[in-house]
Amino acid sequence: MAEVNRRDFLSGLGVTVGTALTALPGVLPSVGVAHAQDKPKGNIPDTPFKIGHMTFFTGAAAVLGEPMYKGQLLAAEEINAQGGLLGKRKIEILKADENAGTDANVKELRRLKLSEKIDFFCGITSSGNTPALGPVAEELKVLTIFVDGCTDFLFDKAVPNPHYIFRITNMQSADGVTGAVAAAMTWPRTKRIAHIHPDYSYGRNAFDHFRIVMKKMVPGAETVSEAWPKLGTTDFSSHITKTIAAKPDLLAISVWGGDYVAFYKQALRYGMFDKMHVASMIAFGVAPHAIGKDHPEGIIAGVHSNYHFTYPGGDKWPYNKTFVEKYHKRFNEYPNFQAEGGYTATYMLKTAIDKANHLAGGWPEDDAIISVLEGLMMAAPAGYVYIRPDNHQGYKDAITGFSKNVAEYPFPILDPNRIITIPIRNITAPPGWPKGEPTSTYTWIDKTWPQVAMAAEPAKAPGAARPATPAPAKKQ
Amino acid sequence: MSTVTTVVIPARSPIRRLWYAAPVLAVLLVLPWVAEQYQTILLAYGLVMAIAAIGFNLLLGYTGLLSFGHSAYFGVGAYAVALMVKYLGVVSMELHLLGAIAASVLVTAIFGIACVRYTRIFFSILTMALSQVLWSLAFKFFWVTGGTDGLRVPTPTLLGVVTGKGDKTAFLVHQYYYYVLGVFLVCVAIMWVIVNSPFGRALQAIRDNETRAQFVGIPIWRYRWVAFMLSGVFTGVAGALWVPLNGLTTPDILHWTFSGKIVFMAVLGGFRTFVGPIVGAVVYNYLESYAVGYTVYWQLFLGVILVVLVLSLPTGIVGTAERLMARRRGPR
Amino acid sequence: MSVLLETKAVVKQFGEFRAVDRVDFRVQEGEVLALIGSNGAGKTTLVNLISGLLTADEGHILFRGHDVTKQPVKERIRAGIARSFQLVNLFDQLSALDNVALAIFSRQGKTRRLLSLADADRPVWQEATDVLALFRLDAHARTLAGGLSQGERKLLDVAIAYALKPKLLFLDEPTSGVGTREKAPIMDTIVSVVRSEGISAAIIEHDMDVVFSYSDRIVAMHQGTILADGTPDQIRRDEKVLTTLIGTPEPPRPSQGGG
Amino acid sequence: MDIALIHVFNALLYASVLFLIAGGLSLIYGVMRIVNLAHGNLYAFGAYVSAWIIGYLSTSVAVGEAGSGAPTWVLLALLPAGALAAAAAGALLEPTLLRPFYKRAEEYQLLVTFGLLMIIDDVIRFLWGPYPLSASVVFENFGSVTVGDTLYPTYNFLVIGVGALAAVFLWAFIYRTRFGVVLRATSQDMRMSAALGVNVNRVYVQAFTLGCFMAGLGGAIIVPSQSAVLGMGVDALILSFIVVVIGGLGSLEGALLGALIVGVVREAGITWFPEVELAVLYLMAAAVLLVRPAGLFGRA
């Protein structure tokens, strides 16, 4: 495999660092903004449009589930205020608790479709649940957009040829890849990497993809420690001690939610952040407001599903600005990626329904909505979302950044001046790539990415051996 | 003392009771044609869980052992099917059932040797600990079991001819429902014979009085072990039947809280009677499904039901109904 | 009469305490024997050793010439040793009839049958009915054992043991906990059944009236050893027995304590 | 070397909290022969109450006072509130829900506490919502000490100290006080004690309250360094099951030993064999049950 230098590599990936958002390509449908709209064509029934929304209302993951529901609720309220879908059909949301277990969830989805006759199914947080519910949604022929449940397994294996189901979050693989690319460009002389990941598919995917990217981009770096706390762990003493003992220069971590808050508070007292760089896949994604100002600055604080409410910030991207304002006004908290996901999924549905009506008139058939959704590109608070027709997966450009305290918020945010973005097409397996193990993206990276040449970077740290051929240092 | 006496046939002659089952069976048979699809699917779940519950009740109701680890055997049945699909490409439901039976015999035989020496709380905790071992293995050995993602199981072939190609909902509501009903009836019949066999009486004797049972010549541990295996196999069969309904196996069904559900079912229906667990499984299934659908405080709801049940109706639905009926008939 | 059962220097130790201390005990074929002694004398322990509830630390137990010292309970029952219990041990949620039938099923090796209906086996129910009649319990055949009176429970306990068709029957205080008036009818019933079938019986009993009126031979135990062994007349006149066991003009009260 | 020392501290930290939870569970079983499946949720309840009070005082009250809220010693003094709340809950639950079951079969006791487990889970959610509650200000104010060339959270020593103190205090309480004598007598033979004039009902409610107090104390003491999250109760229950199974149901010495063993094995598991860390604990419990069903210290 060809060896390249890292700078070429990064520019090849299209990685940008800074404040810019990709230029707006004019006339895309967008969410949350009441724009001039044609009158709906044909006869529209005024029966309520029933959405079954299943997410975690109880259990530890309710920290993700509640915002997802609120995001959808907000969108539904806005749409209903304008008369409903196509101006006629008011949205009615039926809540269901995902925490009842996979078995009960499958039953509940059947009940929602067969008994409650829902028109649309939405939600799902756990990556263990989309592979169970996806096939059932297909078999029930219920139009579905999963907001999360981000396992690659869903479209790689569980439903390789989806028709009724879509998903708008990024896949798990993207988190690991994004974190690793950011870490590799920020700390290119990393030699010893430690890992702490939650012990389930999200954590393992983060681990696998972080490793494969590091193998390509930072050759010679080795994994010196792995810790796998169970999801829901709040005592990280042992994991921290183990990690410190391995003397890594970089820690890759994908612990999230309340677990992460407990982790960083404990890690601070162990002086962990002084001893190594830290790259998290998801630290600021789950509950931004739960992170305290004591959180160290300058770590890579990933956001799952590429949304942090401060980015795109200010007036650069009005969709996000208005969404954050409305959400904060309605619920008195800042939205996380799940809130954005629930909101965007609802508007994506609305957009597809509007378009399908525009094409054919009347209330569109599910198949008409599906054909609009396939290949739909839409501007959402998080930026552009594109639904790839072949696998029904939503793609948006990956972002990550560095933790920073600012005056405006009582908690740290991503440093607005150093946001890292990567075009999503460059870090996920392209259409037609054969299904792989553990994921298609993994095998795609393994097989097609070039290898960064060893010692292509100068060592800046004092005492480190200088490479034979000096190359221009990348700005960190 | 040598006067001729007439034989006293046991009063509860169970054969006579079969007549009560006839109308119920008729309802079960016509249901897919009259009820809405969801109700039929829910009932299919209920029947599957009923098989697990009567298996469980062979231990609790008839042998006096409260297992808090029956999730293990349910899970073994389900995972046996999933692994057969993954590694052997087997799609025949009959082979799935055979595989599930073989796997659950193996696991219960080993677990049983360990567990049957104990009774009461020690038995409960030991079964729970062993089921958690399986749970953590399914969880940790993800390259075999799929970890939390679980293992996907496609629609099986029934009797070598019926395939679920096409509309799976219709398949579940008709072909598969009748298949489950058939297996359920076979299981109920077998279990009914077992509990009414001399062996079943011996188990009840062990339940009532271990020492005395020993002194009528019953090998306690061996019989408990056999009961343990039978119980586990029924639950394993239920696990295998459950897989096509869920479409996926996940470690959820191995966790001890799933065992708690099975216990709940038996107690809800009444574990002192044969039909209690069947009624309990079906009713629990409805309770849980509708509670989850209607309130996020479904746990609270189920918890309150459980507490009220054990406080005021310890004999469960069937036990209470029997008592009420006996009272209406008046004392004999 | 030939020797049915013989223990040779059996010992049972509980920690520091020797409950049975090198006891040689013998039961003849066809006799009704009484085991007496104060609480803690070792009577019940001895019966437990012979019936298999406990295993002897030392010594041998021979039944019809065969060494059964280490045999499991099941084997001893098959050989013909059965027992009842001082604190009645019944299958309370089964009917009286079922209780007896179970013993018959077990005796015939039928409890291994998983897939045949117990109720269909008419000969067993016939026999169980007969046994209940023998013990005058036929009126309660369908009553759950847990619902019987104490006296009936005592009888049923013996009936279960009897249904095993033993050659030697140990009865551990068959009238304890029963009203004085009920004692005689219970003993009449039991002893007449035992005698008519030629079964050897060893009865542990505290009530001296019962002991003296129903037994052919009496063995008195004290502190884990055999104090005296003889006919009722011999025992009645035995000095050691009088001073250590009976002691007072009144017979020892029928207590609830075990040996 | 200093890392080895820290491993030991970590194990002790974990063991301390586990001892408090499992000790309570064991005490209740020892006296009342009830295995309380809702015990873990009382631990969670304690954690939530303490986190709620501390969180309230360290933020809301302090808004006017330039940043930091009530002084640490005030917060520390209020920390046991969670333990008291759990004890109060216990004092309420025993006479109402558990007392009717002492004469019934064990399975009913297990079931009623299983129902209670579900109820308390949802009550906590109802009261405090889905988000984690934090009391980390106490943990932060304690800072760190240097062990070798590594830092170690000072607060952890407080937790270890409380665990050790609780063990000593309980030992003295049970073996050196009149109440302890009554407690032990009742646990040996309830009927005999009743015959000797012991008010068994009162002993039961006291023992149950004490057990719940310990669980609540475990939650209260650990919540500053971690946080109160939904679902923490069931996890704690399973771990304390492992502890009491290893140590022996009903034995406080056993709970102490079991907690130490689990603390050490978990620390070693995370460090050296993360693949099977979970299974090892369950297998250990199963193995002990097989060899010594009553546990290492059990008497049953």
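Some notes on this structure:
Lettered A, B, C and D in written order, each chain numbered from 1.
To be clear about the criterion, contacts are C-beta pairs under 8 Å (C-beta built on N, C-alpha and C of every residue); 3 or more make two chains touch, one makes a residue touch a chain.
Given the structure is predicted, the values throughout are model-derived calculations rather than measurements.
Chain centres were defined as the mean of their Cα atoms; on that basis the chain farthest from chain A turns out to be C. The distance from the centre of chain A to the centre of chain B, each centre being the mean of the chain's C-alpha atoms, comes to 41 Å. As a whole-number value, the distance joining the C-alpha centres of chain C and chain D reads 51 Å. Rounded to a whole number, the gap between the C-alpha centres of chain A and chain C is 77 angstrom. Averaged C-alpha coordinates put the centre of chain A at 37 Å from the centre of chain D. Contact with two or more other chains is made by residues 57-58 of chain A. Counting partners per residue, chain C has no residue that reaches two or more other chains. Residues of chain B in contact with two or more other chains: 139-140, 299.
According to the touch criterion at the top of this document, the contacting chain pairs are A-B, A-D, B-C, B-D. For chain D in complex with chain B, the touching residues are 35, 97, 100-101, 104, 106-108, 110-112, 114-119, 121-123, 125-126, 234, 238, 241-242, 245, 249, 275-276, 278-279, 282-283, 285-286, 289-290, 293-294, 300.
Interface residues of chain B, counted against chain A in their complex, comprise 36-39, 41-42, 45, 139-140, 142, 146-150, 152, 167-169, 242, 245-248, 250, 252-253, 258, 288-289, 292-293, 296, 298-299.
Residues of chain B touching chain C in their complex: 1, 3, 5-11, 13-15, 190, 193-194, 196-202, 204-205, 207-209, 211-219, 223, 226, 230, 272. Of all residues in chain A, those touching chain B in their complex are 57-58, 94-97, 100-104, 106-108, 110-116, 126-128, 131-132, 135-136, 139-141, 151, 153, 157-158, 199-201, 204. Those residues of chain C whose C-beta lies close enough to touch chain B in the complex are 51, 53, 72-74, 77-78, 82-83, 85, 89-95, 97-98, 101-103, 105-107, 110-119, 121-122, 125-126, 129-130, 132-134, 138, 141-142, 145, 160-161, 164, 192-193, 196.
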